[in-house]
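The structures come next, written out as structure tokens.
In the two assemblies presented below, chain A is common to both, partnered first by chain B and then by chain C.
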Partner chain A sequence: MSKSRSHTGRTIAAHAVLLTYTLIALFPVFVIVINSFKSRKAIFADPLALPSPGNFDAVGYTTVLEQGHVVEYFANSLIVTVASLFFVLLFGAMAAFSLSEYRFKGNMLMGLYLALGIMIPIRLGTVAILQMMVAGGLVNTRTALVLVYTAQGLPLAVFILSEFMKTISDDLKNAGRIDGLSEYRIFFTLVLPLIRPAMATVAVFTMIPIWNDLWFPLILAPSEATKTITLGSQIFIGQFVTNWNAVLAALSLAIIPVLVLYLIFSRQLISGITAGAVK
Partner chain B sequence: MAGRKAVRWHIAVFLAPAVLVYTAIMIIPLFGTLNLSLYNVQGENRIFVGLANFATLFGDPRWSASFWNALRNNCWFFVIHMLVQNPIGIVLAAILSSPRLRMAAFYRTAIFIPTILSFVIVGFVWKLILSPIWGIAPGMLDAVGLKWLYGPWLGKPDTALITLALVSVWQFVGIPMMLIYAALLSIPDDVIEAAEMDGLTGWAQFWKIKLPLILPSIGIISILTFVGNFNAFDLIYVAQGALAGPNFSTDILGTFLYRTFFGFQLQLGDPHMGATIATAMFGIILVGVCLYLFGIQTRLRRYQF
Partner chain C sequence: MGALTLNQVAKAFGKTEVIKGVDLTVNEGEFCVFVGPSGCGKSTLLRMIAGLEDVTGGDVNLDGVRINDLAPAKREIAMVFQTYALYPHLTVRENMGLALKQAGEPKAKIDAAIARAAGMLALDQYLDRRPAELSGGQRQRVAIGRAIVRTPKLFLFDEPLSNLDAALRVATRIEIARLHRELGATMIYVTHDQVEAMTLADKIVVLRAGKVEQVGAPMELYNNPANTFVAGFIGSPQMNFLQSQALGQRGQTTGIRPEHLTIARDAGQIAGQVSHVEKLGGETLVYVRTEPHGLLTVRLFGEHDFAVDEAVWLTADAARAFHFDAKGQRLR
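Coming up: the complex of A and B.
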């Protein structure tokens, strides 16, 4: 009797703690989004009120969209992220396959060499990367960003994917060899489809830092034509600090796409982490 | 057996793209930066100066004051993460992993949301909320009778760094939570059942059984926090600008590197000193990672189930 009561007590306490922290995590985002739909007066008079017909005002959104570049910045971010993701996944899976499938001299060493990049941030090479991009005429191109992000994403991708490839049965691959498939066909037609869940995990892990990065767009591609949405919103908000409607709308516009993507992929992300992606 | 001697070109083909891109964009520039830190410009020529740049950085009052300030702030930044972010993450994970908890998926998803937002969003959102002009923070403190606590935290030199560190904690607490949660889920049921047979439940069970089993994960989180913190830049840049105000009180190594390399206001950028700072950061991260790998990780006991 007393045991079950203490159990209920503990459950309530657990929910109280989790609910409190959930509020702390979501409150700032909530405040920004509700206020972006309110008139300037209402933003200051009652910041915590929900938008209603009485105080509704979308002037912030029209200001932001009139700037006109939002769509281009968004496209830049999308192109850079998707292209980097493609190369990270393709090159990463190929390298992971050769490391996990074949025994050759230097296999261990090569694995360690590629894993170094997990611990050492690529940013420390920025000075030399910029000089290299200047020499190659790649400054202010999306190519520069794609190259950097591909290199940045590869170490973790190779590490996770090769752990995963070790679990694929040899019988299947050997059956393919007996049927006369080349090693390339085995990789592309037998192995790649099987590692799709691991690829999705790697994709989510790779995507978030690329989409959110400010350092490399700021240094390698700050021109109007190549700005990403992260850099664009940083500059835009910096210029409009006193226009609260515009700032709140710009922030909401930056939050919502990421949030929608996250809610779609959150199951994948969480099962990826809990599947022991980082051991 | 003759076939084994044949060159297996496919291995090279599979490895080549990854190794080439990784080497060209990551490893060579890293060594390029290390190399650049050994040169400096005198008059028109670039000359080899050995470790003189480091002597300047650590010893010359014009440089060393900023460097030690940035390093000290960076250490604080790291300490606050270790003391606040990781314990909160562990507690949340411990509660989340308790069996038969309803809505666990909802909490997990919601608490992870700040982690997916960019620094730009996080920096500005908190700047607005803490702003004395808007008054959300003072208004809320007033509602619980704590208005006297409020101050322009981001604008005062003695509170700005702590405030930003706590904002960063708010953003990243999802990562330790998830990793610890994964570690807790991987503890086999028989171990827990055996503990319950011996009368260990609740917190006692967590301290005596689960915590020792998840120590390796806590180690990994600590080292990830360390690397991330000593490489941080974005949040400070967004919230306080490249000058890391007020009066450099939030300057960390990342912002110091950015300012030195690209210049600010009237000071011109200096690639050689920039490279020197980057090399110093590389050294700090390397020492930290090695200390962990050889000093701590080898002593952690791992349990095989």
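Coming up: the complex of A and C.
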């Protein structure tokens, strides 16, 4: 009896900690969203007040949408994020498969080398990256951003996925080999479906920094045609006047696509597809 | 079709030798069982025959052709794994047909092969299900079916019954023996369970630490073990090892099987006390503490009552005793 009671106590404590953390994490988002629906005066008068008929004003949204380029900015962000994500997952999983599946000389060293990128921020190489992009004629292209983000996302992807790959039954892969499947088919049809939860985790961790990044769009692709939404919203922030309504509205809108992507991936996090494969 | 010869086959991971020069012939249609304790290299040897591990020394020949460097799919072998290893995204039918489909066989031939295998294994009604919707025993039957469909030269089984519960294990064991009779194919079967080895094999290969200890028919190994390792491994319960000197026998060690010891309350050869009694219905196992031989097992048929700590006398059937030298080799 006492044991079960202490168990409940522990559950309550754990939930209290998690709820507190959730509240702290969500609070800034909440403030941005409520203020995006208020008039400028109301934002400064009482930032924590909820939007009400007295202070409601959608001027931020109308400004943002009238600005004209916002849809393009969204498209740029989405194209860059999805393309980078695709390459990070594809190349990350392939590298992880070869590292965990094959015994070759320098296997360990190669794994460490690929994981090194987790510890060294890619921004340290900004000048060299910019020089490379200039030399390659890639400045002000979305390709430049996709390349940089793929490089940025790979180390973590390789690290996490290779750990997961090791847990996949050798028997399944060997059965495929005996049945005459090529290593590529073993990878794509047998292994990838089984590590879907891990892929979804990696996708979420990779996607958010890319979507939110201001640094590389500003340096590598600041042209009107290639601006991402985070860079695009900066036009409302001036040195002397900041259009807070528009900034908050743009930021609120920017949350939506990433939220949708997150919901898609989080569904994959629920595993269970392995049931029946082994044991 | 399906005669396998291993010629000084060896495997090393770096400097660690796992298989140390194995010579073996498996004749066409023979059921050969590799048996030995965990880590003896039996699974590694099987994987080398399958082509899943590189051979670092010697030759593997199938029907007189050296297959050392052939890809697993080209070896005309089929393998059944301990964990079934069914493709989770394919139905039973697709699981069984995949190898033939990969080999580019016509659909009619594939369907016929699947129907035949499904009939043999009573899997007809499950063909459109996915592995997740099957029980453990059914999954293992699908895995066996997948092997049959290919009509390989050689069937390889890697501890196929280890994940099944006891009742299912016996049923599947009988099924495998029946399949071997019906197909007449060469089969190699790896297990650590000496009961499976004894009941299924035409030929048992006892392995220890990467070396073959003895090869022979089940009764040959039981009646004529080459050393203490084989003597102890084959037969259940395990053979008793007694000190020859104390018994007035030759050699260092005398081996007597539990069924060749008799027990009496009044008189006998070795004095001891009952330590534990296991009643199994059809037979009774009595464990007796003795000096200087240690704990000995006696196997009696039918039901017998002995109290723990009761003083008893044991007598060995000298005609059925095995004698071993100090190195554990049999004295003949």
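Observations on the structure shown:
One rule holds in what follows: the second predicted complex is superposed on the first by the 200 of 279 C-alpha atoms of A that agree within 3 Å, B and C clash if a C-alpha of one lies under 4 Å from a C-alpha of the other, contacts with A are read in each partner's own complex, and residues count from 1 in each chain.
The rule we apply is simple: a contact is a pair of C-beta atoms (placed from the backbone, for glycine too) under 8 Å apart; a residue touches a chain by one contact, two chains touch by 3 or more.
Source: prediction; values computed, not measured.
Of the two partners chain B and chain C, more chain A residues are in touch with B.
Looking at the shared chain after the overlay, A:181 reaches chain C, while chain B stays out of its contact range. Contact with chain C, but none with chain B, is seen for A:172 once the two complexes are overlaid on the shared chain.
Once the two complexes are overlaid on the shared chain, A:10 sits against chain B while remaining clear of chain C. By the touch criterion stated above, A:190 is placed in contact with chain C alone, chain B being left untouched.
Once chain A of one complex is fitted onto chain A of the other, the partner contacts of A:155 are limited to chain B, with no touch recorded for chain C. Common to the chain B and chain C interfaces on chain A are residues 273-276, 278. Residues 47, 50-52, 71-73, 77-79, 81-89, 98-99, 102-103, 130-134, 136, 139, 146, 158, 163 of chain C are the ones touching chain A in the complex.
By the touch rule above, chain A contacts chain B in their complex via residues 10-11, 14-15, 17-19, 21-22, 24-26, 28-29, 31-32, 43-44, 47-48, 87, 90-92, 94-95, 97-99, 102, 104, 110, 114, 116-117, 119-129, 131-132, 147-148, 150-152, 154-155, 158, 182-184, 187, 208, 211-215, 219, 230, 233-234, 237, 244, 247-248, 251, 254-255, 258-259, 262-263, 266, 269-270, 273-276, 278. Across the complex, chain A meets chain C through its residues 169, 171-172, 174-181, 189-190, 193-194, 273-279. Those residues of chain B whose C-beta lies close enough to touch chain A in the complex are 8, 10-11, 13-15, 17-19, 21-22, 24-33, 36, 88, 91-92, 95-96, 98, 101, 103, 105-121, 124-126, 128-129, 134-136, 139, 170, 173, 178-179, 181-182, 185-186, 202, 220, 223, 227, 231, 233-234, 237-238, 254, 257, 261-262, 271, 274-275, 278-279, 281-282, 285-286, 289.
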